[in-house]
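Structures are listed in the sections that come next.
One chain, chain A, appears in both complexes that follow, with chain B as partner in the first and chain C in the second.
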Partner chain A sequence: MASKPQIGIVGFTGCAGCQLSILDLENELLDLLGLVDIIDFRMAMSGNKKGPYDILFVEGSIVNKHQEEELKELREKAKVLVAIGSCASFGGPQAIRNYRDNKKTKIAQYGKDNIDKVEVIKVKPINKVVKVDHYLLECPVNKYEFLDFVKYYLVGGTPTLPNYPVCQQCKAKGNRCIFLEDGIMCMGPVIQAGCDALCPSYGMPCDGCRGSTLEAAYDQQVQLMIEKGASVEDITRYILKYNGEDKQVHEFLMEKWKEQDKKLVYQED
Partner chain B sequence: MLSKIISRQDLPKLIDALTNDFLVIAPTYDKKVPTFSEVESSSEVEFDILFNEKLPMLPPKKVFLPAKQTVFKYNLIKGVTDSCDEISDAVTHNKNVVIFGVSPCDVSGVGVLERIFRDNYSDDVFLRLHDKTTIISVNCLDHCYENCFCETMSSNDPKSGYDVMLTEISKSKLIAVPNSDKGKKILRDYPELFSQISEKDSEAYIDALNLKNKNFKTEFLVEGLASHVEDSFESEIWKEFTEKCLFCGSCTFVCPTCYCYTVKEIVSVDLKDGERQREWDSCYFPEFALVAGDHNFRETKEQRFRYRYLHKFVDLPRRYNFEGCVGCGRCVTYCPANIDVRDVLKKIIGVM
Partner chain C sequence: MTSKSYHIKHICRVEGHGNLLVEMEGNEVNHAEMQIIEGARFFEGIAVGRKYDEAINIMSRICAICSTSHQLSAVGALERSVGIEPSKQVNDFRVLLDHGENLQSHILHVGMLALPDFLGFDGVIQMVPKYPNEVKMVLSMKRTANDLQTLIGGREIHPVNIKPGGFGAYPTTNQLKEMKEKLVVFKQNTQAFADLLATLKMPEFENKTEQVAVYDGKSYPFTKGDHKCLLSGKIVKPEDYKKNFIKEEVRGYSSAKFSTINDGEIYYVSPLARVNINYKFLTDDAKKVLAQFDMKLPNFNPFNNNVARVIELMHCVDEAIEITDKYIEKPPKDDNKEFKIKAGTGSLATEAPRGLLNHSYDVDKNGIIKRADVITPTAHNLNKIEDDAKKFGSLIADKTDEEAELLLNMLVRSYDPCISCSAHAIRIDLRRK
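Now for the complex of A and B:
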C-alpha cells in the first residue's frame, strides 16, 4: 500500500454518540490505525487537519445556515462522504420538529422574546445539503459496520447493508415476538435489520433507529398497532422517533397518516 | 422383533446416556420460547413441550441450516484454510448428533430439505451435518394444537427420515421403533434402558396407531392443489393477502421446508483472512430476486407473496412429488399479521 487513506470523522447536530462508538472499537482500533490515517477526529485527538480526506464520516444533522456552509466546504475536500447514524441519515429525533408548528417549537425552546434571535432552519439530514456516497445506520452508528466499510474501501468495494426487516434477525436468534405475543409496539417489521435485533433480544421493542427497510409496510404495521390499542398520537411518536426525514416515513405520514393525526404539519423549506 | 419398549421414566436416563456419546439437541425453553437447543443433561429438557403438544418455534432445520453459517474459511496466501467438513465437525465438537423429540411433521420437513440439498446438487455443509445426525422422533397421536394441519399435508406418518420413532402406548410406556442402522444402534447400545416387547405391548401399539388414524382429520383436499394454484396466477386472492402482509419474512424463517439463503464474505481487519458465510434469506424480501443489471424478477409485493405459494405448491410437488409444506402451522402461529396459509389455500381451491 503506497500511502494510507486519510480519514476524517466530524459531527454536526447530534449527541456525538456515533463518534464515541467508533472510539469504542477498542480491540480493533490499533489494527485500524495500521490501515488508515485518521487526520480529523475532534472528539479523540488534537492537531486535526481539515482535509483533504479520502473518506469523511459525518455524524449529526444540519440545523442552521452556518452548518450548511461548513458541510459544503467539507464535501469539496472529501473523495467519499459517508453519513453515519440516524441524525445524518434521516434527521434523527430532532427532525420531529419538522412536523410541528415551527413558531410554537421555537417559543417552547427559546422563550417568546428570543424566537427571532436564534437562527434555526428545518432539521436536515446531510443528503439534503450535499451528495452522500454511503450511509451507515443505527443510533449510535454500528461500529462494526463502520469497520466493515473501511475494510471494503481498502479492498475496493462497498459493503452491502442488509435490506430486510429486523424480524429476520429476531427469528434467527429465536427471540420471542413481543409484537405478536405480548402486544408491545415493536417497529421491527418495517425497520432495517443489521443491529442483530439488539433491542428485541433484551425484551425491548424495536425503536426504529436504522430507518425504514426497503418497501416498508407502514400501512399494515400501523393497522396492527391500532388493533393492539396504540393511540394516534403514540403511533406518530413511534414512527417519527428517529426517521422524520426518511423518504418512506415522510410519504406515509404526509400522504396517509395526516388524515388521522391532524396535528402533523410539515415545514416546507 | 427389533422394536423395544422404554418406560417414560427412563427417557431422562436415555438422554443422559446419549449426552455421553453424542451432542444432544432437545426441546427446551429459551426466554419463554420453545426451542431445540444443545443440552448437557436431561434436566434441561422440557418434556412438556413433547408431550403437552407444543412445537419448538424454529424447526430442526436450524441444526443443518442455521440462520448464519460459515461455509469455509480462507487466507490470502494459503487459500482455503478450513474446509466445510472441518467447520461442520468443529460446530458439533467432532461428535455425532442426536436430535431428540422431533415431531413427525418435522421429520417430513427434514426429509424435504434433504431431498433438495442432496438431489439437485450436493450441498456438502448441509449433508455433512445431516448425515452425522440421528433423529429420535416422538409420535403424535392427535393434532398438537389449533394451527396443525399435518394430516392435510400427509406429513404425520413419515416412512423415512427418522432413525427411531417413540410412540406412547400407555401413560408409562413407549415403543421404540428403529428405522435405520443408526436407530438400531441406539437400541443396541443402551440395552439397560430398553426391554423386549410383549404381545400386549404389540396390541397396545396397534391400538395407538388406530387411535392416531381416527384422531387426524383432513381439513381440505390437496389433490389437484398444484393445478388450482397455477390457474389462480392472476387471481385477486393474492392481492387480498398482500394487503395484509408485512413482508417481515417470519413465516419463511420458522418454516421447516424454507431453505433459501444468501451468501456473503467476511474479511478480517488485516485484510488477510476471510470466511464465506451463508445466511437465511426470504422470497418476501425485495432484493431476493434482484440480479445483475438491476433487474428484479419479482418487482411487486404481490408477485413475491404469490411466488412462495407457487414454489411450495406447484414447483416442488411437480419436481419432487411432495409439497413444500408439512402443515406444522408455525407460519400461522408466528405471523404478526395473522395470515393463515390454510385460508389462502382454501380460497384458491374455492372452499372458503
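Now for the complex of A and C:
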C-alpha cells in the first residue's frame, strides 16, 4: 500500500489563527488523520519532522531575513506549497505598515529610545520569497477550503476558488445591501467570494479579508464610496487593511489612488 | 563545579515562536532569558491613524486564540472613550461570547496541549490509538465551545458581529435552545474531564509572587473590572494601569516588552490568579470541582493553572447556561446604543483566557485613533516566567537532561503562552556550566 501523504503545517508571523482553524475541524480531524500523516505541526505537537513534505501549508507573513532563509529551506523540502490565510497570501494587517514611515511605527510601539533594538523590514507575503502553488483564503483561513484542498489532493486534483465578488453570494442569500441602502462602506464588490458573505449576513460590512476578486473594479468601488460620503483618507483605510501586498490593491493604491491621497508612501526594502 | 549545557529549540504546543535560555552553574540557575523571537508586527503603531471602530477587527489579529478578548477589550475601551455604556443585554451577550472563547481555549490547552505531557505523548494526535474516547470527548467539547462562539460572534476565531454599542445580529430562540442542549452535555463532560485530571499529579513547585486579576467585588469577572493584587490587596482602576502600577521595558533579546508593577515587582496573571482572587464568586458546581483537587488557596504553583482551567470550564459553562436560559425566556431585542463621536481616552482591563489584558486608546474628535496601548497576558508574565525558570531550574538540577527539558517545557506551557500576543516564545536553551 502506498504511504499516506506527508503533511506539514507551519506558521511565520501572524496570529496563528489559520493553524487554530485547522484544529477547529473537530468533526473531521480524526477522519483526516486516517488519510494523511501530519509530520510537522509545532503548535499542536512535539517530535516534529522537518520534511520531506507532500504538502506544506504555510501561515503568516515574512518579516525578517531569518524567516526568509527558513522559508526557502522549507520550499526545497515541499512538493506542493500552499499559502493559507491573509498574511501568507497578501501580507495581512501588519502590511499596513509597508505604506507608512517605518520609523514612526517603531516609535509608536517601542518608544523613541528603543528603536535600534528592533529589526524591521518590509512585511512580505510568502510569494515574494518562494514559489507558491496554491492559495487558501480568508482571515483566518476558511477551514473548509483547507479540507477541500486535502480531499482534492487525495483524489488527484486541485479545487478552484470562486472568481466572483462577495456581492454575488450576498445577493444569493437575500441579504439587504447595507452599502447601497444604508451607506455603510462595504468592500463586497471588489473582494473574492467564498466566505458565503459572512459579515454582511450579520449586518456588518465586508472587511475585505479574502483579497481582490479577479479584475476587481477598484475605480468603481471608490466612486461609489465617494458618493456614499467617504473621504480620501477613509477610502485608503478601507482598501488597505488585510491586503497591502495584494497585487491589485498595491497597483491601484500606488498607480492611481496616490494622486488623490498624497500622503500614501510605500517602503521599499 | 559540574558544567553542563542544554539547548532545546522551540517549545512546541504553544502559540507562536520563542526560546527560553537557562544557564546553570552546578545546581543553580544563574541566568534565565525569555526570548520572544516572534516577528514584531507593531499593532499599536498600525492602530494609530485608523478609525476607532476599525480597532475591533485589527487588534483582534494580535492573536487568534484570544481574538474575542481583544475585540471585547477594544470595543469596551473605545466605548469608554466616547462615553457610552452598553445595555445589560449587550453585556450579557458579550459575556456569553467570551465564555465561548474561555471554554474553547481552556479545553484546547488542557485537553490537547497539556494532557499529552501527563500521559507521555508527543501530542493529542499521538494519543488517539490509546485514548480514543478521551480524545473524542475533548474534540466534542471543543466543538461545542466553538459553536457557542460561532452562534454569538459569527465565527470561531475573529468574530464578525461586535460593534461599538452592541451587536450586528442576535441568535434566534431556536438557536439558543439548541445551544443550551449542547452546553448541558458540555457540563457533564467537564465533570468527567475533571475526574480524569484529578487522577494526575502536577509537578511540585512554588513561587510566591504578587498576582493580579480583574475584580469587581460581586462576580467572577472576565469582561471588565478593576485590577486587584492578591498579596497586597491593592486595587487599581483600569484607566490608572500605568499610574504607579505597571511599567514596561524593552529588552534587546525579545520583540515583546517586559513588565513589572510598583517599581520593579514581579507579578503573575493567569487562571490561577483569578481563582486565588475571585474563588468566592465561582458557581457552586465550580467550587465542587475545586474541592476535588488537593489545592490550597491562595496557590503559588503555576502547574496548578491546569486545575484552575478545569474549575473555570465548570464556572463558564454554568454562566453560559444561565445566560442562554435567560434569553430563551426573554428573546433579545435590538437595543444597540447610538452615540456621537467625540475626543476622549478609554481604557479597559479584562481577563483573556490566559490572564489580565489591558487595552487603552486616545481618539480625536473625528474618531481617529491617536494612541493605542495593549498589554497582553503573556507580556505581563514574561518576568515571572524567567523567575520561575531560575527557581524551578535549580530544583530539578538532579534530573536527567531529558527529564529537565520536558519539565521546563511543561513549566512554560503551564502559562499557555500566547507568543504572537506578547510580540506584538519558545525555544528552551538550557546551559549548564
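Going forward, the second predicted complex is superposed on the first by the 268 of 269 C-alpha atoms of A that agree within 3 Å, B and C clash if a C-alpha of one lies under 4 Å from a C-alpha of the other, contacts with A are read in each partner's own complex, and residues count from 1 in each chain.
Everything that follows uses one rule, which is that a contact is a pair of C-beta atoms (placed from the backbone, for glycine too) under 8 Å apart; a residue touches a chain by one contact, two chains touch by 3 or more.
Fair warning: this is a prediction, and the values are worked out from it, not measured in the lab.
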Fit or clash - chain C, chain B, common chain A: fit
First (chain B), second (chain C), both or neither touched by A:L32: first
Which of chain B and chain C A:N64 touches, first, second, both or neither: second
First, second, both or neither for A:Q220, with chain B first and chain C second: first
Computed vertex angle (chain A) for partners chain B and chain C, CA, steps of 10°: 110
First (chain B), second (chain C), both or neither touched by A:P52: neither
Larger contact residue set on chain A - chain B or chain C: C
Minimal inter-chain CA distance - chain C and chain B, angstrom: 10
Footprint overlap on chain A, comparing chain B with chain C: 203
In the complex, chain B residues that touch chain A: 30-33, 35, 57-58, 62, 67-68, 243-250, 253-254, 264, 267, 269-271, 279-282, 285-287, 301, 334-337
Chain C to chain A touching residues, read off their complex: 10, 12-17, 38-46, 48-51, 54, 57-58, 61-65, 67, 108, 112-113, 116, 122-126, 128, 135-136, 139-140, 142-143, 146, 154-158, 160-161, 163, 168-169, 250-252, 255, 257, 371-372, 409, 420, 424
Touch list for chain A against partner chain B, complex: 28, 31-32, 34-35, 147, 151-152, 154-155, 160, 163-165, 167-168, 171-177, 179-180, 188-190, 203, 214-215, 217, 219-221, 224
Interface residues, chain A side, partner chain C - complex: 11-18, 20-21, 23-24, 26-27, 29-30, 33, 38, 41-48, 61-64, 67, 92-94, 96-97, 100, 104-111, 114, 117-118, 120, 139-140, 198-199, 201-204, 207, 234, 237, 241
